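Per-chain residue numbering starts at 1, and chain names A, B, C, D and E are given in the order in which the chains are listed.
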Amino acid sequence: MTGLDTTVTANRFLRVRRGLRHAGFVLGAAVLLLTIAVALLAPLLAPHDPLAQNLSIRLLPPAWMEGGRPDHLLGTDHLGRDYLSRLIYGSRISLIVGFSTMLISGVIGSTLGFIGGYFGGRVDSFVTYIINCRLSMPGLLVALAVISLVGGSLFTMIMVLGLLFWDRYAVVVRTATQQIRNADFVSAARVAGASAPWIIWNEIRPNVLHHILVIATLEMAMAILSEASLSFLGLGIPAPTPSWGLMIAEGRQHLFAKPFLVWIPGIAIFILVLATNLLGDGLRDLSQPEGRR
Amino acid sequence: MAAYVRSKVIVSLLVLFTVSLVGFALLHLSGDLAATLAGENASAEQIAELRHTMGLDRPLLAQYASWLADAARGDFGLSFFARESVLTMFLARIGTTAILAVSALILAIAVSLPLGMLAAVRPNSWLDWMVSGVALSGQALPGFFLALMMISFFGVTLRWLPISGSATPLHYVMPVVVLAIGAIPALMRLTRSGMMEVLEQDYIRTARSKGISSLRVMWKHAMRNAILPIISLSAVQLGTLLGGSVIVESVFAIDGIGLLTYRSIQRGDFPVVQAMLMFVSASYIILTLLADVINAWLDPRLRQKSQ
Amino acid sequence: MTRLLDIQNVSLAFRQRTGLFSPPNLIPAVRSASLHVDAGEVVAVVGESGSGKSTLAKMVLRLLTPDTGTIAIDGKPAQSLGPREFARLVQPVFQDPYSSINPKRTLAEIIQTPLKIAGGVSARECEERARDLFERVGLPMRLFHSYPNQISGGQRQRVAIARALILRPKLLVCDEPTSALDVSVQAQILELFNELKQDFGLTYLFISHNLAVVERIADRIAVMYRGEIVEQGATDAFFAAPTHPYSKMLLSSVLPPIPGRPLPTVSRVFELNTPRGSQP
Amino acid sequence: MTALLDISGLKVDVPGRAGTLHAIRGIDLSIGAGECFTIVGESGCGKSLTAMSVLGLLPRAAILSAERMSWKGQDMRRFSRRQWANLHGPEIAAIFQEPMTALNPVLTVGEQIIESFVHHRLGNRKAALARAGELLERVGVVPVERRLAQYPHEMSGGLRQRVMIAMALMCQPKLMIADEPTTALDVTTQVEILKLLKELQAEMGMALLLITHDLGVVAHMADRVAVMYAGQIVETGSVASVLTRSAHPYTSALLDCLPTRDQPLTPIPGVVPALFGELEGCMFRNRCRFAREACADPVPARSVGEGHVYRCLLEANEVAA
Amino acid sequence: DQSNDTLRVAVARETDFIDSIHTSSLDADLFSTIIYDTLIYADRATGEYKPLLATSWTWTDDTTIEFKLREGIKFQNGEPFNADDVVYTFQQLMNMDNNFRQQKQDFGNIAGVEKIDDYTVKLTLKTPEPTFENVLVARVNIWPDEYTEANGHMIHATKPVGTGPYALQDMQKGSSYTLVKNPDYFDGARPQPSIGTIEVRVIPEIQTQIAELMSGGLDMALSLSPNDAAGLDGVPGITVQTGQSTRMYFLSMNVAAKENNPLNNADVRKAVSYAINKEEMVHSLISPDAAVLATNCNPSQNFCLTDIEPTYSFDVAKAKELMASAGFAEGFDVTLMAEANIRPIGEALQGYLSAIGVRVNLETMPLPAWRERYIKGESQMSIVGWGSGVSSIDISNTLGIFFNGSSTDYVQDKEIPDWNAAALSSMDKAERESLYRKTLTRINEEAYVVPLYGTVATYVTSEQVNYQAPVIDFPDLSLASWAK
């Protein structure tokens, strides 16, 4: 780096503008925000009660297909519930699972990463050891085993996923912290008498935050997918609230006869996860300094 | 070197031990085996009796201790249901899963390495965009969804491929592809980003300034360096593939260890689940060690560190 | 004159672990070094890369603990000082202007950091003092709330200096504060050091490998070689007649910007060619 | 004497998200066989990009244009990939600043040294190894056998830089480009490396394009020097003439910045300008004590004789006063 | 696949052991049925009990049966069949150290077995057991005594030898099983087998089974639910049949708990009963062929009385009225537990009950987890599925488990357990019927449970296969033949 390019590197506004020019980031953020809005406004947006069943109109195809009805835009499920409404409400579960898991695992993983990375030495060996233990456990299998024993609920699902999938945070935060803890501004804070927690929170965290954000988006995507997979394996979140993974799992009974039951939530998951990943990628690109390197 | 290997091995054993303890505790604290085991029409008394005969009413630590003592001798107990040695059950199925996982990894590497490299050489080209697109979509596709769609398309509509079982090599095509698609995004991204990073290194400029062909620069100078993290990731991926074959094996009805474990989880056959846990952990540890060794062999700096 | 810093027979070896259970390799970085700095003095430490200069500085800053030997600051053993007390006596200025200030915080925040940690000062006063110093080190006020990526290396180094001064320390430990800067900026910073010395009554422990800089700024010079202080003395005397062979070699290697002279002959008296393993 | 390398009106633009950076803005330079030409300037002024332009190794993003750019009379702008590859090694070779990172960490030193020799079919592996041995001996990397089998990380910075030099010499280049070859080294090592370069240059009769920011190095090494500031050569000429009779305020200010025992330092105020957008006039004017309004207009080059050229509105002797 | 005379059959769950005595996995019966013969055979078309290995069986008193055995039969390993084999088999079943599945429950009442002559065997029971014939029909596969003695009874788990129409040729435990026709099979209650080879494959994923059926990779699938099969309706080349099952589902309510329990109010339970549109629910979610239950038993079970009063037909108004009169006009919250794979029913119930203000929190879980909690008494409301298996051919099984005063009895009625016990020790059919009538009437009067539906078994076959859906849910694959 040189004195020259620093004077011209993007300031905050520029960074925002840069963000806006990053197509993937914008797309990802837009879809995610849209989904959040849909989830929040579900009662307003959903044309029907997602739980209101009407067995006389079960398995209606989407409106544009033969036999579809305009008041059930995406058709109905096996209980005659409006598929669009369920899709809209289902976004809530996906987002709640995604966000909560991301938070829990984020807190656990980042804390471990910070501690290991900052203190180094034996503390780090111990943290590395914990990470290794975690990595060597097959995550999905353990989640499967625990949920099948405890029984699925939104809470268990979130806890199990959150308590299991913190490894990426830990690994990334630890490495990033290791790189920063030797920075001179950390030494300066130490000389000024700052405690380790103070330094971690005030000096290191801001510099690692973008890594955490990137991982968070990936983690969120993974949690959404895991929820879907567990639902597929019959260990999803129980009723009444529909989740997208559950909708696929339920719809799969009609995979060949009524494929839309699988395709609609499948596409929804795909788009949401894609958007989250795009957002993560965008964040990654944007957090890299411009110019040389 | 000896000291390095020794400490690695000790740590690995410690990790295995911890995993076994955590797994054991998780499995035994969260469910009642006897209820599962007694069968569907069993009464409460029958269950209690069974609990006693199976020793499930002993203190957890005592149960663990005897499990550990047996496991240390290579005896992972009998399956509750099949009443067969867990080890035998594993050995009978490991081959199938290994074929599946290894082929998937090979396919994934065969796809992601060249594409990732090309994308790195020509950033922002259409190829790069395609690679990013593939990686992103692959990441966003639930494996089971993909599997079902492939079955319905290639199996039912086109009838090109056999749908279930593992009778012929052709049977492996769909499951391997589904598994590989799960592994490709990470590998492809890492290849691309690793390669891009390496291409920016000073020594690449040095190599270019010597006038050697760009192909040679790529293979001899860039690849040797960029491959290191890919090898590590491949090891991790292989472990993940072994552990993550549950969905693929159950959808494609392939009787490997993934399906075995899934069934065992479903009916609470804990000795099998526990053994699977140990197996995946051990293979993860061995694979990463192997990756370390290969990397040390390729990178003299790591070699020195381990001396 | 009071003895502000007194380093007595300090040694430190780095322990490099190879495995969890194997004995560590010892890399001696500083060997039995003794050095003192009196109040108001500028003492420079010179030496080649890897000779232990930074390690010595870090020990003074209590970022590393010596294996043996003692360091006394203002007459008291450094270890006995509380962290706040210590911070009010000694502050650092580091070499790399990019790593020495946190890129994610505004310049105002960075400068106030030590004061915030020390506590006991109102937010208003904090900011007040930061503003004062900001101007004093020659930074334009409009940059007060900007982020480090908007300023140049020289300006960053000014920020680092302002941060070091906000607690009004007595001793400034400067580890190659100008070696990452261009000559034109280096001159600016050196001038600033000179001015601050007068204004704040500062004492410097000044580490450098640039003999021209040292000659300009130091009262006394200590030469480090392979972890040992091989020679020390008043600047004038040193430049006039270095005694240790390494010092001589060092002096003879200086290239003045005067055309027409041949490259000096450097007589290596040491086994400098032997590899010393990887260097960071 | 015909110039080996003859460049005029070289421009390099680097488009970025924040706008296009005009990193090099029309420089002329020519290097004759066997001479040592140095470029001196502060960080970011475009020294390395100039070197990379000559090497044809500009970063992908950079856009090069030039009025003339020729190697032994051939137009370098038209060079194909293949022609560039043939140039690298036997004609032009390079060594770079960071000896720590300029060598490939996973290949042995020997392998890296002989690579270009073998690739350019100057001989087989055996011949290459023999020549590598000679050269290593010459640059003082001994014992040769052991060194050839070592990896870069097993050597100190000074040794690595010597290896780089040996590597560059393998194909007997006509021009060696050295981009700050000693900046990362200790002063004592610096002297040794510089000496080595100078001796080798004389022995092999090759030209040396030396890039540095250290006027001391310039004074001891250069036949001719160019002083760069903000993407332009502000002053060029024989080293004696430029350093002792500097005609450009920047050159003289730079000399004044060097700390000496007796004189007080006179720092150059201000910072280097950003090289974005329309750039006209003297870029030094906002830091120059002689600046006047006319400095904002394009400044012509003036000659002080014997190839000593500078870009300033001042008369040649005004600065010294 | 008719071309090579192999019937390819898919099941969803693996079988650990081939013989049903050693394992609780239900699919083992699939194999046992065709590898072994029982003394008595239940006709798959009528449900009637017919002679098989026993040419006749006679109750000489309330606790004694005499069997006349078929002569001239050989086991698949060549060993001749005679009374020694039957005696040996019963002795094994009586030896409680063998730890067979449900051994005490099914065989604990046998007092002794005696060989009268080479082809006559006398069996005595400790107490009268009106359902004992059911046990004989499905649980007593006759083993060859010499082979079993020489190898231990566990040999049948993996290398079974019986007298049945098919013999196990090869198995890949957990994934595929190959059975070949027994050419010497006697033409008795069940005919000689016609298809040469039966290949059973385990395909856990139902959609994969369907895909295989559609693409011609399978001839028969046995684990499809009516809903799964519905998708195959109209697919050319595939026949979907439904057969009866003894399995039944009811909504269990916690009547016994005293505190804070709206459900111990009979009016509330009646309101719940009225609120559910069983017909609609069952016919659309389960199958149009499924039995909608008015009493707490499956009509395919013996002694299941379908004329019990009162019945509760769908009537939301009445339900609301009852809720109000019980003081729950505002409704209440309740947790409904259900096994994961009947979740749609749970959701439907949730929907129906919400109409009368009962806010149902539905928890679905795998069967073992559900059972564990149910046995521990943690259920407020549960959908209980029971039966399928020979013991549930008789109503005693269902009533006996859920109305016996034990921890699985959420009603704890004072009298029902006694009536049930009395019914189980009487050989008098009329008396048993009247006792069950009392029980069933009490259950309906008090609305202790809401009987929901009896499942149907679905048999999906390719056109090439001729297979008649059996009346009991014990498919006998030896009855299959090629259509042309």
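Everything below uses one rule, namely that a residue touches a chain if its C-beta (ideal position, glycine included) is under 8 Å from a C-beta of that chain, and two chains touch if they have at least 3 such contacts.
What you see is a predicted model; the values in this text were computed from it and never measured.
> Out of curiosity, which chains are bumping into both chain A and chain E?
Under the touch definition, chain A and chain E have B as mutual neighbours.
> Quick one: which chains contact chain B and chain C both?
For chain B paired with chain C, the chains in contact with each are A, D, in label order.
> Look at the interfaces A-B and B-D and say which one is made up of more C-beta pairs in contact.
A-B
> Going by average Cα coordinates, which chain is farthest removed from chain D?
Following the centroid criterion, the farthest chain would be E.
> Distance-wise, how many Å sit between the C-alpha centres of chain D and chain E, to the nearest whole number?
90
> Distance-wise, how many Å sit between the C-alpha centres of chain B and chain E, to the nearest whole number?
The mean C-alpha positions of chain B and chain E differ by 40 Å.
> Could you please state the distance in Å, as a whole number, between where the Cα atoms of chain A are centred and where those of chain D are centred?
50
> Distance from the CA centroid of chain A to that of chain C, rounded to the nearest Å?
Centre separation, chain A to chain C: 46 Å.
> Could you list the positions in chain B whose residues touch two or more of the other chains?
In chain B, 11, 31, 148, 152, 156, 250, 262, 266, 268, 301, 304 touch at least two other chains.
> Which residue numbers or ranges of chain D touch two or more of the other chains?
43, 153-154, 271-272
> Among the residues of chain E, which ones contact at least 2 other chains?
Residues 207, 211, 214, 366, 369 of chain E touch two or more partner chains.
> Would you pull the chain A residues touching chain B in the complex into a rising list?
129, 132-133, 135-142, 144-146, 148-150, 221, 225, 228-229, 232-233, 245, 248, 252, 255-256, 259, 262, 266, 269-271, 273-274, 277-278, 281, 293
> Residue numbers of chain E touching chain A in their complex, please.
Residues in contact with chain A: 206-207, 210-211, 214, 225, 227-228, 230-233, 277, 280-281, 284-285, 340-341, 343-344, 346-348, 350-351, 354, 360, 362-366, 369, 373.
> Could you please specify the touching residues of chain A with respect to chain E in the complex?
Per the touch definition, chain A meets chain E at residues 51-53, 55-56, 58, 78-80, 148-153, 234-235, 238-240, 250, 252-258.
> State the interface residues of chain B toward chain D in the complex, per the touch definition above.
Residue positions touching the partner: 123, 201-203, 205-214, 216, 220-221, 224-225, 298-301, 304.
> Over in the complex, which chain E residues touch chain B? Could you list them?
Listed in rising order, the residues of chain E that touch chain B are 13-14, 16-17, 22-26, 99, 101-102, 104-105, 154, 157, 172-176, 201-205, 207-209, 211-212, 214-215, 217, 366-369, 371-372, 375, 386, 389, 391-392, 397, 401, 406-408.
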